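Letters A, B, C and D mark the chains as written, and numbering starts fresh at 1 in each.
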């Protein structure tokens, strides 16, 4: 009844102030950059989604996101008998509604072609209607000419690449023209290692997004976080996010995994986890997790390799462990299994690199 | 990606069978009738709601509802610039989608007038478009002429009745013409005792509904159940529900409270809760709750009134208690505080009426 | 402060009645027998446990157990400097305390020898002190002469059988003398398939127990139930349990797995799960789980074997599924993966054997 | 089986390292002091408790406590037929076991007299056996002569003070002799406002303790924290805690309430909660809660007093609110309802005193 109420009763109810709360997702900033959580791939009733655009803003606020992009399909409009076609309408509704919600809304659209070359999101566009084009090349050129950040969506989607995940000539063409800037390594819970490989080789920005069509349901947790892109930006603004995207300072967040460049992952880990030496005890330690991330850790002795310890470090937890009595922590390798820096490769660092704090 | 996928790939993926699960809400049948859970007041983007009609069916399935009514406003269409006006479209989309979902969808609409006489839902209609009329009397006559069940919505809504909850001459007129059959005693978490009083006096069916405009969020529980109407029907069908509504076999479910006729509440309680006498113990008992309802119980000695025991009986729980040694359970009065049969009045019965079962 | 309070204030506070609640674990009876949940292996401070015997009764009550055995070690008494040795003291304290708790306490003890033959629980004993003997054979003979039910504990315990789980000559000797009646197939979350094999071959009763030394901590669930023995008894009494144990009507409950004789498992499943055919739909069904057990189900077509469906059916849930259109449910095999009737073997039945109920 | 195992198999199993985790309770340090969580009142089987002393250490570790005192009764030993009397035995067992657990164990005892003067805990004692005395004065003198910190336990306990909570001449005598240093304002979930009054008047240290006899069961939360004393110490050591106790730098933690001196509460609040101004919005703010405490907040305009806003700020949450447009935050009073500085009095501060942080 709420929305109707507000309309009818503006003069009756004077509420000078209102309150709302949400959990704050503890994700530390890294040196030099603010750490932002974003979802750059969302649908509404204006293409094949099931919600009004305002719902995406409310969900983003509840989930603690800093920014979202509304990216309705240009070419797939199953509700068009009921909903008048306006390619810019959904992000405009969301952007207006978001003004007092502290969520940034990025104008976007999804260019929706069969494979090759598949689907692409264009972000930071000015007018989606001029991008509509049966020819994928002309469509993406139109987006690029608006200064858009263009990313290849779900490259390993079984519906378009059922047998293997390939990079086609069409992608080389787009890439060579400078019209391809990012790639979804994660889409809706799926992770594509091939896409990560290409991102590293070609310097594409690593993206992770929900591609949600329905209302989000249920609660997210550190083990099953809403798919999103972590952005390391100089400031919390549309301009800050755009600059970070074009400069590749991103990581994909999928379930409990963070997928990105090793140096970024290392910085994020070192801000999240600290080491405690237990008083009066030799070689007894604890990790303390100051973040809302989950960490799967493996400790090994880099010299002798004769033992291995696996630790699961939950958000806000301390995890205690002992080392063999004569061990030098300089010789202990710490592997963060769910911080993925390349296919089959996780973040490694020296245990001694982790900052020590007092009990 | 799901909905698009199914369209694109019908010939690729042959999935002969699929699976989905949901919690089953344990609400026992009562002698002679099936107990059904229904929500007769729901909005979609076709009036001022935020979801596509299919979402209401998915939510109903997840929440274990037997039936819903889609009841978009006839007179309040804030999305009409974007959505073409078709007063029957939302329930038709929902009804088609529900075919393989095991949820019954009742055609409905909300006749939306200022007070008096306020808002009314017409259920089991044939064509909403012929009900549109600036004159409330002609609108409701049109609904009645289609055989609709007509109910007065949220009679105590502060937006329309800010100072007191009144019954107006307009309602008497509708009632006398036989065009008013039910009344919302519960709407969106609010309970209107005046409406319960009128329902009892005038033989109106007691209704409880969510009036939801947004996606449902979060989990319901026995203490905060989704607002709904419990219907006691001869069969689980549109016809069965219609007959039960016209014959007043309903109760409103709000939070943990069930509001309805004493004889219906009594039957529901006696099917839900059984009594155990603890072996080898004099005057030591337990209630066992076979339902997913919560019960706030008070035991008193009807003869001497010298003690009182309060018990909180959760779904699926046993609650143990002792009685003074010489007590005859014939003399113990059991009051079910959250089973409300009239304003300020809860269900009372003899402890001895509760069926005994073995440990 | 409670216990002291009751002592000091008996004359001040007259509380004629008190209340306590607990979740009721829904485990259906099977035709002819009551289904009881028991833990036959528990320790207290009187051997190497960490709790006073009354704690075991309170825990059993909270966990919904029908019966427990207190089985302190005869030969391992690390607290004997502080606690006077009395081999019958712990079960006597528990039994007295349990009188008004509706929990049955079985006198027991643990005969604690190195391997072979290992550790044995003697249940339904009369006097533990006469069982104490350095010679395992004389100890067990003493127990047997009291009419005790004797079981071999944790036969696969790595501390005693580090390399392989063997049956020794000593066990043959005990078995041949008729002094070995049961065997722990489950102990403290460990499952020993060899023990299950021997139980089947030799007609030993299948036992599952917690062997808990510490206070129980945390909540149990359908996926991680407290290790226990399910007993199918003619009545809920010490005598009833004793008869069922000697006649092998038991199953071990470990996490989500139930391990026992196929006919018992079949009966338990058929009382727990019912089948619903969805109205107006061909070949669309749901399982409804009336119990608090979890079921991992696999459906296959027994004729063509060309498809397989895996379902996870939670307690109190309905799980929907479709079959290929022309399927005869007579031809569908239903496998209950977590109902284990022999090593590497799960319960199988025809889908048509499951009772149909109305929506 | 664990404890026995470790004994039998020391030479077999070489485990150079082990791991254990626990939630870390985020309670910020305040300027100049470390914030420690302690429980100074715990029982074991050595008096009328139900657990072996080691259980108290394991529980303390799991609950994130820095220190505990074991305080078994001197005069009430209901298990003495089974357990040999040794007044120092329980804290010695606990202290030895705690060596590698990172929990500090304070030697203590409970001097247990009828009212007046009631029960007293003596902490940091050297030998409990020399404190045993039928004369309460001689007993407490003996404790004081060992340098003990002496506190009056549960002064409002209904068993000893059924009608009113009085301060007796005996307490004046003890206080005047300098043998009374602290008072339980909180015991086992009960809060005694009279005791808080006396603590403020007489400069007694404010104590809050569990007085637990049974195993702790279930999970604690920010709304129902384990009763404990928060100690603000110069260092995390027995000496550090002792100094803080004698100098009154303590607060009692009961459920969600923190009870203590206003200046300490203010420091704790200002370290826990920060203020965010929402970008591009006038008079729209959020509190961000960096601690694991819960806060019930009330905002009022100190000048006009014409509105009031209540906020509930959960651990790790952000809570958004708006102020009337022209408001100066200098004029806004912030009341922290659950930070209690005197009976009927909660912490008040200026909204402008809360540190601002960036989004």
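Following the convention adopted for this analysis, contacts are C-beta pairs under 8 Å (C-beta built on N, C-alpha and C of every residue); 3 or more make two chains touch, one makes a residue touch a chain.
Model, not experiment: these values are computed from the prediction.
Enquirer: Would you kindly count the fewest steps from chain A to chain C, each step being a jump to a chain that touches the current one?
Expert: The fewest touching-chain steps linking chain A to chain C number 2.
Enquirer: So which chain is the furthest away from chain B, centre to centre on CA atoms?
Expert: Chain centre farthest from chain B's centre: D.
Enquirer: Need the CA-centroid distance for the pair chain A / chain B, whole Å please.
Expert: 41
Enquirer: So what's the Cα centroid distance for chain B and chain D, whole Å?
Expert: Spacing between the chain centres: roughly 47 Å.
Enquirer: Would you pick out the residues of chain C that each touch at least 2 other chains?
Expert: none
Enquirer: Would you mind giving me the full set of chain pairs in touch?
Expert: A-B, A-D, B-C, C-D
Enquirer: Taking the complex as given, what residues does chain D use to touch chain A?
Expert: Chain D residues touching chain A: 16-24, 26, 34, 99-100, 102, 236, 278-281, 284, 288-289, 292, 299, 307, 309-314, 316-324, 358-359.
Enquirer: If we count contacts the way the header does, which residues on chain A are in touch with chain B in the complex?
Expert: 1-5, 7-9, 12, 45-46, 48-52, 54-55, 58, 62, 73, 76, 78-79, 81-84, 86, 89, 154, 157, 159, 162, 187-188, 211, 213-215, 217
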